């Protein structure tokens, strides 16, 4: 157990040894094992965006086994997916890589201004599939937000009672927010805080922009001169918003880009800002496996290069 | 156990031996037993369309025993129906043919743009009636879709815990889709993916048309030049969308047609495209038993003729 | 056990001996006992229409004991009522007559185009009150229909597990139907089918009119020339719609009429059409007991006169 | 056990000895003990109308102990109140007076045309507080009526299983009724019938006016010449509507009045009409304790004066 | 055990020794221990208002440990926070200070005229975190009020069964109230009454203004000349509204103010009016720890200075 991981575990004093063991599994696996940093492969796009939009760019990715193999080959800390995709490989790859069962999902056949999610899996499924954690999406700002928080609370409590870790996808959405507001720095910080207050162990947010959405917040950002000019500063602020860095905050990789430099710049900013890593889906599986391994290798190089401030 | 069935069972590594046993029962029964192909007789039209519209064309079909007898005589792999119809013959035909209890239903007394289903049976019913599987309809695209996914998840988890298989009728519907969109190739592929992600063992969809419904999808179909010109190509694409063919996808027979050639052409396309079989209701029971047996025999001849690519 | 009753019981092969015993109790009690025909006294009008509208025409009927006495004196097969009315006499008349607990009810203080019912009793109540069956109303066509089907399914499953029989009042209603449509022959047939598919043992519908409500159905009635010209033909068609006569279908007596001849003509039509009997409320208790006994005696004379075609 | 109480208990033949014992406690306590008549002190106005509107007229009434003391000093049969008020004195006055836990409540901060109630207590609370009964409000006529009936059914069934009695406040309300309709004689009679059918042991209604609300009912009141000219006649009719007087019907005291003669005239009418007593809140605690005792004494004098027709 | 605390405990005669023990813990801890007065530190603003608006004024407050330390150093009776914040320090500070788990929360990403709360924690969480009590917000006046009361009832009953105390944040809100009405003296008094009737042990309300919101109430305040001219009088009235002072009523500290004199004047008024203390969040943690300790010390000086009338 490295000091970095030991320190991180020390932040979760309310959790059982069972849950700490699963958090340790996530932190100690793969190429970044022991560094306190994580790179996770998430593949819920088949459900969220549809199979052709997700996998036609790299047809082997239609096969659920492909993603297990990719995550293992790349040395990711974990692989996260909905029930069906995990069921499609959990026995073949049992013990090869920590798994996160994404237990709620939405599709894009309908366009709701206030999106919602369906509970599609549960703790019992996670346990029978050998997972370390469950993953849950909330939409702060949606009219369904309170119902989602309640559902998360029930699932998280059950997960903790069974020694699992809880990963929360906290995605601000809804008619009450502008499109820019979904990634506004105040809103992303707020989303991280909500996930932390709801008991998340690991929090996934999008990279925040410089935009400040809420009037009442703008006054504070101006008055207190909270530094949000650079991506690294904004990452640091969001990490602060998650209990002063005492919760693991990771950032999503966004839509597939073909400019690896841009992607790696973002990773450098996350690293510099004290972020704990990345969860990279489309940029991993929507290119050939060889290209994906190269790209993920470069990402991990950055995270492995120097201990992050908070964890050192 | 034939190699074809063995291979299919190998795709369901997350399932218990109990569920595999029931899948094997479905795959090993009847004239196509052991080929990896299935022809199933479904009779939920009495509930869905009303008794006169369903059975007046062939009055013996009002009697629940008729359909057991037809499925047995034709050598179908299984017979699927709602609670009442199965209760009407389960003791008389106990052990004669694998049964699938359709556990949700709708009627056509009301015309909802966003249709829904009522849960009308459950796992406990399936067990007491000696069924191998439960059948469940989802309507991707309906405003009720998330609630249906949640219900399916609960029923499927309970079914798996009790060693049953899960068959999902995945029918895109709802105000968010155009009428053509209900059978658009992108939408049918998406519907197959959703059912697979929700943990279905067997997925029933309609035959896809050449239409592409969603703007974001059309771009991908064009860019990646996904072959969808022929029915067989579209079938193969839909099968790909269900975990690269590692889930059993079967196709519905549609409204009663009097042109058997057209029907058999479709079967040939399903077979050529790697589909796993058909579920043929109205074309089976809305004609005399003799005609039905002839037609079903011809269908099975096609499926039995040569091993499907995927399963060989 | 008469051959008629034996045959009827043989249709319910999925049911437990406990449920068959209670069905047999209903079929073997009273003046029609053993004939395979039933006349049941239902008194839920106090709840459904209000006490004055129901009982002022014959004031002794305010007293819950009155209806037990009437049903017993008339030799009815059973007495059906809501919780309160059964609680008001169940001990005094324990064992004197089979009881059916009506477990859902509505009132007429509000006028809903899409009516609903409240669950007002349950299987546990039926058991503690010594009932043979539970009764449940569904409104096919109402926006609440799916919720009612789900509730019925839960109650029916519980009833069957506890050895009770299930009687379904299947009353088409709702904004999607015209007023004439509520008794249209296609709609009544459909309502009988739905109840049968939901697992009802005994189905109560209104007498169908010659009207055909649904466009898609009319085409079939015309094409297939389904005979619906006479009341007896329509009864026979509705009985066919309930699993080709393999479910017990009984017909309601309708609003109080003062023309006994008209009432008895209807009974003759039900009998001629293969209906299994009548459930007669207002025409029984909204006249003096003496008149009621005379009328019910005449009704039973008709049903007892000759074995019905189906049961012979 | 007096003959009056014995007879009343005989009407509840479906209830357990436990529930009969608690009914007997209510009937045998206080100054009217044994007469078959009841005067109950209800204090839910703090919740329903607010504390100042309820208690400022007599400030000692802010204290929960006051009402126990008043009910005991007056010789009431029972004291009924919501959870908090009973918790505020249940230990201090344990065993001194039968208690009724009002288990649902509403406030008047919002003005709903179709009012509803929140479940604020339950059978388990009633048992731990030593109550004889639970009290439940329904609003026949409100769009929430069916949900309230279902809730009552669940609570009543649980209460009966635990040997408690069930008191129902049946208050017609809602957009479907005119203001006058809330106390119309047909509607009050209907409300009493609904409560009785739902299994209430004791039914509380408002005093009915001469108004007839429902068109369909008016025809019957006219045709059958139901006597409703005097208050006593209307009381008798409402008592008839509750199973021909075989359920205990009591009448509310209404808003505080300063004309005791008017109040006592109403009591005389209730008594003459065969009502079983009164439940008097605001007229009891919105005056000094001395005045209240005088008034309640006068009320009880009337009820004690001569046995009621039905119970004699 | 001081006489003040003994007397307070005597008001909760319906509670178990377990709950009394936890109430005693709250009353006996910290600088005000034994006085019958309470000063509690609540920190749910991160969830309710967002992290930057809450903590940027004093950045150490982003860290969950900060608030434990502040509450301990200040000698508060208890620290109250949502799940995440308590999980962030419960092990490190186990046994150092009584904890109150705030089990429902809302955020301010959406602006609802009729606000609601999500259940984000529960009794089981409170027990595993070593809490003395659960905290629950209700919004009397919101269209969600009845649902919130029902949820509170369930949580409070469970808390009491497990020996915990129940603290209710009773905040009038909703479209039915004017903005001024939210702190109107009649409405605050009503809110205190509702919380008390729902079984709260400790009730938190805002300081009432002189405004009277409800027409029906204004008449009573005028007629009965209820003294509400001074803040102390209004506090006394609100305390009266909570069972004549037999429930612990504490007042919130409001938004951060920089005028300590104004704040301390309010405390003096609360003390003079018989209030039981304060719950001060933003005025505690939105300034430096040194300033906060000074301010909280001054507040406690006031409460400690002389025994309150009611408790003496």
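For reference, chains read A, B, C, D and E in written order, and residue numbers begin at 1 within each chain.
Basically, contacts are C-beta pairs under 8 Å (C-beta built on N, C-alpha and C of every residue); 3 or more make two chains touch, one makes a residue touch a chain.
Quantities reported herein were computed from a predicted structural model and do not represent experimental measurements.
S.K.: Count the smallest number of chain-to-chain hops linking subunit A with subunit E, moving only between touching chains.
M.R.: 1
S.K.: Same residues or different residues: which describes how subunit C and subunit D meet, taking over half shared numbers as same?
M.R.: different
S.K.: How far is the middle of subunit A from the middle of subunit D, if each middle is the mean of its Cα atoms, in Å?
M.R.: Computed from C-alpha means, the inter-chain centre distance equals 58 Å.
S.K.: Taking the mean of the CA coordinates per chain, how far is subunit D from subunit E in Å?
M.R.: 36
S.K.: Of all residues in subunit A, which are in touch with two or more distinct other chains?
M.R.: As it turns out, subunit A has no residue touching two or more other chains.
S.K.: Quick one: which bits of subunit D touch subunit E in the complex? Just the residue numbers, please.
M.R.: Per the stated touch rule, the residues are 46-47, 49-53, 56-57, 59-60, 62-64, 82-92, 105-111, 116-122, 124-125, 128-129.
S.K.: Spell out the part of subunit C that touches subunit B in their complex, as residue ranges.
M.R.: Against subunit B, subunit C makes touches at 11-15, 140-141, 143, 145-147, 149-150, 153, 157, 172, 174, 176-177, 186-187, 189-190, 192-194, 196-200, 214, 216-217, 220-221, 224, 226, 237, 240-241, 243-244, 246-247.
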